[in-house]
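Okay, handing you the structure first.
Naming follows writing order (A, B, C and D), and every chain is counted from residue 1.
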Amino acid sequence: MTETFKFHTEVRVRFAETDAQGIAHHATYLVWFEVARVDYLARFDGGYPGLQERGVEALTTEAHARYLGPARFNETIAIGVRCTGLRGARFRFEYHLTRGDDLIADGWTGHACVDARTFVPTRVPAYLAEAITAAERPSSS
Amino acid sequence: MTETFKFHTEVRVRFAETDAQGIAHHATYLVWFEVARVDYLARFDGGYPGLQERGVEALTTEAHARYLGPARFNETIAIGVRCTGLRGARFRFEYHLTRGDDLIADGWTGHACVDARTFVPTRVPAYLAEAITAAERPSSS
Amino acid sequence: MTETFKFHTEVRVRFAETDAQGIAHHATYLVWFEVARVDYLARFDGGYPGLQERGVEALTTEAHARYLGPARFNETIAIGVRCTGLRGARFRFEYHLTRGDDLIADGWTGHACVDARTFVPTRVPAYLAEAITAAERPSSS
Amino acid sequence: MTETFKFHTEVRVRFAETDAQGIAHHATYLVWFEVARVDYLARFDGGYPGLQERGVEALTTEAHARYLGPARFNETIAIGVRCTGLRGARFRFEYHLTRGDDLIADGWTGHACVDARTFVPTRVPAYLAEAITAAERPSSS
């Protein structure tokens, strides 16, 4: 598989996240994507809260999820996550959700940085853009 | 029954609100209580948003729920709601949830008005205290 | 606009659905899509519960949302919804969310009918496929 | 303080759990209570999933929470949890939520074991009642 994720985090399915089909409700996956983003960014100088302290908010502008297999109560789901497509105010995250060896979902989200007060788009701060670029740089062989 | 509610609203159980026991998850009832409070207050000069526009926030300080019977997907739940115990910054709401003739839950929540910027307690605004007192006054016979 | 929706429903933004950005959290939109699907299907012989009573479950296999503008507490959001792409076990729903004249989000979801016990794919029941096809047929002029 | 909890777990406040007041929504605390119960029970022979495998469900019959201070995005909340009042089919959990040295909330939930198919009350299984009693026994000095 060419799709490699250098960063992983995990969630355990909460009972409150299940629905009457006996599986995690599909809207919950967007919450897990967000948890994974926050964990991913936490390595970089204050993470998402650090971004907010600089007066920058990150909006979610688009979200996509494919559900390939169910997730059930109390199962541990590993989430591979990476940031791609940094360009001006915009960036994108991709996600792979696995339970053991099974890919149970994948997806991506689009984001834009805005001034926290005016909601006017603003470039991804340089410190963060550089840290993400370095983190996602392919290893040389 | 001596417990009469002059105001009622209703919710329909969303699929996302159910859990793997096939019933509405118990935390959802606090969300329904809140929906009922907002509907109750909407009759009074701008309702809860009107309170916020005056720089006042209402915090929830306590919540209690008794679950007497299940609520299932797509069922319509009637919520009787009333405001009691207005005193300074504090007030309290009570709730009766019925499906047809069955009482399926009841509960109450405690609240305090605070200044929206400082979170310092502030009296319930007079216009609202008076409107609630008038609305809850027992009818003369 | 050529994108016409014959069926609309609406939701009012709950306080519990907002987040610390002061707007409805983006995962909530998938819950609203689901509310809109259930309302859409309710016109057809028992709706989604009727499908379940026939031993058929509808899984969500894919979801996509674009967020074009914020939705705030207590705002009423109109949802245009239609069913497209019925093919064997699969079908798709499309959504347009507007507040007044503003399109604030759109999206689509993919679904598959399965046997409720075995989760083996099964054709969309004929009664439902026919009712949807009739409902979505373009009006003659 | 005489209120000692032998078992603790923790949650980190998710962004999706915050509301437009900038704090974790009060209904979320019931979800955290549930996470804490599941973690508490996980030490005992399969935990809550093990209970379900034996054909027993645990219903929530009552819930109470006091909110003493706000919880904000990304804060880590420690939850002290203990099981008390085992009696026939019924049991009760108590919770203390702290952020650093601050008690930010406390609460309790009431529960009843039922047969998973019939929802008829059934005694808490002996293996679990004994394990909980042993775990909660005061240490001798």
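Just so it is clear, a contact is a pair of C-beta atoms (placed from the backbone, for glycine too) under 8 Å apart; a residue touches a chain by one contact, two chains touch by 3 or more.
Being a predicted model, the structure only gives us computed values, none of them experimental.
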item: Comparison of A-C and A-D by number of C-beta pairs in contact, larger one; value: A-C
item: Furthest chain, CA centroid comparison against chain A; value: B
item: Chain A and chain B, separation of their C-alpha mean positions in angstrom; value: 35
item: Distance between chain centroids, defined by C-alpha means - chain A, chain C (Å); value: 25
item: Geometric centre distance via CA averages, chain D-chain A, whole Å; value: 29
item: Residues within chain A bordering two or more other chains; value: 15-16, 27, 30-31, 34, 73
item: Interface residues, chain B side, partner chain C - complex; value: 14-16, 31, 34-35, 38, 47-49, 73-74
item: Chain A residues touching chain B - in the complex, by the definition given at the top; value: 15-16, 18-20, 22-23, 25, 27, 72-73
item: Chain A residues within the chain C interface of the complex; value: 21, 26-28, 30-31, 34, 57, 59-67
